[in-house]
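Two complexes are shown next, each including chain A; its partner changes from chain B in the first to chain C in the second.
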Partner chain A sequence: MSLAAALKASDVTLLPSKRDEDWKWTDLRGLLRVLPPPSQPFVGEAPVGPFAGLANLPIHVVNASDPVVIRSASAAPYVVALHFAALGGGSHSATAQIELAEGANLILLESYEGDDADYVANLDLKISVGANGRLERIILAADGVNAVSVSTADVTLGAGAQLAQTVLTDGARRQRIETRVAHPGAGASVRLDAAYLLADKRHADLTTVVEHQGVDGTTSQLTKGVVRDQSRGVFQGRIVVAEGADRTDARMGHHALILSDKAEIDAKPELLIFADDVQCAHGNTIGAFDEDALFYAQQRGMPEDVARGLLTEAFVGEVIDRIEHDGAREVAKAWAAKGLGL
Partner chain B sequence: MAAVKQTVEHVESLEKYKHGFVTDIEQDFAPKGLSTDIVRFISAKKNEPEWMLEYRLDAYERWLAMDEPEWAKVYFPRIDYQDSYYYAAPKEKTGPASLDEVDPDILATYAKLGIPLREQEVLAGVKGAPRYAVDAVFDSVSVVTTFKKELAEAGVIFCSMSEAIREHPELVKKYLSSVVPVSDNYYACLNAAVFSDGSFVYVPPGVRCPMELSTYFRINAENSGQFERTLIIADKGSYVSYLEGCTAPMRDENQLHAAVVELIILDDAEIKYSTVQNWYPGDPETGKGGIYNFVTKRADCRGDRAKVSWTQVETGSAITWKYPSCILRGESSVGEFYSIAITNGRQQADTGTKMIHLGANTRSRIISKGISAGRSSNTYRGLVSAHPKAKGARNFTQCDSLLIGKTCAAHTVPYVEARNGQCVFEHEATTTKLSEDQLFYAMQRGLSQEEAVQLLVNGFVKDVLQELPMEFAVEAQKLVAISLEGSVG
Partner chain C sequence: MLSISNLHAEIDGKPILKGLTLDVPAGEVHAIMGPNGAGKSTLSYVLTGRQGYEVTEGTATLDGEDLLSLDPSERAARGVFLSFQYPLEIPGVPALTFIRTAMNAQRKARSEAEITAPEFLKLARTTAASLKIDFEMLKRALNVGFSGGEKKRMEIFQMAMLSPRFLILDETDSGLDIDALKIVADGVNAMRSPDRAMLVITHYQRLLDYIKPDRVHVLAGGRIAESGGPELAHELEREGYDKYARAA
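Our next item is the complex of A and B:
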């Protein structure tokens, strides 16, 4: 059951539904009665995305026109901006393959964009990072308000490899950004962060699966979200420690603010542990604004709306501050300020 | 010397599952298998009214159309539902009007299990010692209920389910299946069709139940399943504390225990429900035998300011599939769940709770401590949800897992659904192994490795043990030690 399979076979019954445990909060089958026809090839000047100016190599793809293959062996940090746009409606499925050789260092600035047309977009990424390689991946998703969009990345890490990822999204009609990381090699380290700022009737689902198969792996995960109006945020994080993956250290945190009575947050932070010499923890908090903090800011002379903005910015800022690439961090800051209406 | 003797006894008792004996008594069986005839047989055997038979037949019809759930992280061969006895009862000589008429073999069984069925024995204890009334369920029937008279004086009804159906049909009709609907899930539905006995408690408005109530479940017969049904109603402003214990003989076959427990709590009332589950866990090496414990427990806080507290110590069963839940419907109602789940050998447990916040200002707290050792698997699975109307809902969840050994597994699968902007949900979970430093410290102070592990484990589960009624807490502490026997060194 996947969107890719359903699009390939033009069969709605292959769409994941709420009866599939991993899709219970992001029901595609119930939403899409028919699949839109394939997207038309795009004619005109294609958008290049928010990161093009920061990259050594900017790549843009409209309506899944071409498969993307990136292979890097550069030990010096190499920046690729990869922009996917969905324009003019319809459905399409894009693929990208990214391979980092041993010791390679890549910064992948990924972005999604769409217009207001009804579209169904699927993206499958296969990423492999060689031994001692390093990948920083930043995803800025700006899908259209009527979009149904699913992006799935399968990441394999070699021994001693590092992955640092930050997802920033404002959702779509229904959107899922899924990252599955396997580290069979020993000593791999993963940072998986995300921030979602949702309003209106938008939906965003951030799903991660990290499988520690080798020893001495570490995972640090921090996801923060703010939902307003009638929006819905979904967080599903799963950390698996396989038998023999000793000395694994995994920490997961998901914290969300609900700023309206009709908004919704669903969370499932899972730990599946098959080894005993491990340190694993997760924390999950969901709630309204901290009235004490608000009161404090107001009694220091700050108007209420400024205080709220400042506190929300600080709340989300923790994720953004962890972005290592300076240029991307500035783009992220601007994105958050705009999303929070500051 | 007394201390030495006690130690020897303690070590001996650690060696194996000490409740694994079989009582050889004459029993009445229904023919093996499951069909409408069996359902009719059970109903007839219990002299049930027509409405009860219809209820059962309807449940059986629904059950036939249902599929067995497969989502839990437990693995076992498919159960052949036709290869089991659905009714087994000690042969009644004249009907147990008083304790003296109960089969002495059964009394001996309970004496061996340490359950006081003779009121004078309970009373013979130290003056001021806590007393508790017992309903003893042996396979499919309740054999005796103690202290009924004294409880009746207070207005409390405490009897077996079959008696309640006969004596208090209006209460049973009103509340039965009102919390766990007949077709709620596969095992609950099966239970509705074939349930044999269980306990019924009604505490009238404003009454504080004068003593602890308890039910002791014992599976004895071979190839039989136990399907008990418990219904507890705490009327406005009342309070009751209820304890449940269970054991079974050691056998190579798997036996099914599919119980349903329904609690109804009205305005300002409180129910405290404690379980020490010690069913036979199966052979630790081969995994052969043991009880499949597939239980549906749910409390409905129907009234405002109602409170329910579940405390469970789960040490037995080959497989545990159990989620005592709280529906917090009344305003400002409170749900609590304290759990210790220990798995060793080849045991599998998938257990947790559901806190469903429907009313405003409802509060819940979940403290779950899982310990896995040997080749076992232990999963915490829980749901906390807030309905749009549950303004001001508050939850705190803490689930900690402890791993002992390289081949065991511990999982945490919490679900959190928040549907309004005025609720606060907090969840934290940790998974670790026993601290080497703490073990070393305890051992260099002269404790053996086994003792050191026991000490640390007791510290780990202390938060939950202190929620148990006193007499259970002592028992539970011993049980923790027994369950982990052989898991280190």
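Our next item is the complex of A and C:
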């Protein structure tokens, strides 16, 4: 069951539904009675996205259905901006293949945008990082309010390879950004972060699966979210430490603020450990605004809206500060400030 | 300066202040002492406008202006500063960012120009030096991982930076060793001036050896049970609060 399969066969019964355990909070089958027809070819000047100016290689596509292939062997950091726009409605599904050779260093600045039309967009990425290679991947998802959008990345890390990822999203009508990472080699390290800022009736689902299959792997995961109005945030994080993946160090944190009675967070952190000598931890907190901290800031002279803005920005800022690429971090800061209405 | 008359306040419907009357003229330091649960901290929160503390009767004015109708940030902009008994930790916000945001918000409320970055840093450096605060500490998230003594010192630092007109110190001595207490007291004493006033809330007389009050008031049973000169603090230290507890 996948959106890609349903679009390919034009068959709604192939959509993931709440009967699928991993999709129970992001039911597509129940949402879509019919699949929209394929998107029309786009005519006009294509938007380049927020990262084009930072890239050695900017790529931008509209209503993508052709595969994108990127291969890099550059040991010096090479920046690719990959922008997917959905314009004029309809449905489309694309694939991207990203291959880093041994020792390659790639910064992938990925972004999605859409207009207010009803559209269904699917993107499947296959990413492989060769031994001792390094990928920093930033995803800024700015889908339209009526969009149904799914992005799924399968990442394979070679021995000693590194992945540092940050997802930034403000959701869609229904949106899922899923990352599946396998460390078959030894000594791979993963940072897997996300921030979601949701308002109105938007929905964002951040799902991750990390499988430690080799020894000496590390995973550091931090997701932070803010939901208001009637929005809904979903976090599903699973870390699997396979038998023999000794000396794995895996830490997962998900922390969210609920700013309205009608907003919702669903969180499922899972650690499945089949090895002996490992360190694993997870923390999950969901709560309302800290009124004591708010009063403290007000007592110092900040009006309530300024105080709330400062404290919320700081809450999400922890994720953004972990972005290593300077330009992308600045884009992320501006995105957070805008999303928080600052 | 501060004038409180027949103040009644309650929390969750439970009366805490029951007709408190107090005048603190400009240039003076008044101490509020009293047994635990007498309403000392409630008084500080009512004066600063914390949510959940409901005033049911009475008035509180600063230089004739009604404080109770203002929101907490408006009171701060008019110069009311509370040094918290338990300062909050603010993750993700460097101390300097927090104070500069507060300072500029106050200035904006008073229709003054924002402080420039170089001016602010210069002021922060000299103020930190006078309070023996490591400047590097000000780049860290405010109060996160700070010891109790460091947090109290940060309160005095914020006070010195914001330069308020009416200072409320709530149990500022708790958690301080004697060296830190001297630094904090020096910082507070440096702010004494003819156009400022202070309310020093304390359970123990010790702090008043370092911050000498002009007047001492005993708060018991939600009102001022007795007022006197500095000698009253020594008397309380010797005899305790028993007689007021009985009276309440």
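One rule holds in what follows: the second predicted complex is superposed on the first by the 341 of 342 C-alpha atoms of A that agree within 3 Å, B and C clash if a C-alpha of one lies under 4 Å from a C-alpha of the other, contacts with A are read in each partner's own complex, and residues count from 1 in each chain.
Just so it is clear, a contact is a pair of C-beta atoms (placed from the backbone, for glycine too) under 8 Å apart; a residue touches a chain by one contact, two chains touch by 3 or more.
Keep in mind that what you see is a predicted model, and the values were worked out from it rather than measured.
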| item | value |
| --- | --- |
| Touching partner for A:S17 - first (chain B), second (chain C), both, neither | neither |
| First (chain B), second (chain C), both or neither touched by A:Q97 | neither |
| Partner chain in contact with A:A314 - chain B first, chain C second, else both or neither | second |
| Chain B versus chain C as contact partner of A:R300, first or second or both or neither | second |
| Contacts of A:G287 with chain B and chain C, given as first, second, both or neither | first |
| Contacts on chain A seen with chain B and repeated with chain C across the two complexes | none |
| Footprint of chain A on chain B - complex, ascending | 71, 388, 391, 401, 403-433 |
| Residues of chain A touching chain B in the complex | 21, 243-244, 256, 258-288 |
| Complex contacts: residues of chain A adjacent to chain C | 290-293, 295-304, 306-307, 310-311, 313-315, 317-318 |
| Complex contacts: residues of chain C adjacent to chain A | 48-51, 71-73, 75-77, 81-82, 84, 87-93, 97-99, 101-103, 105-106, 109, 141, 158, 162 |
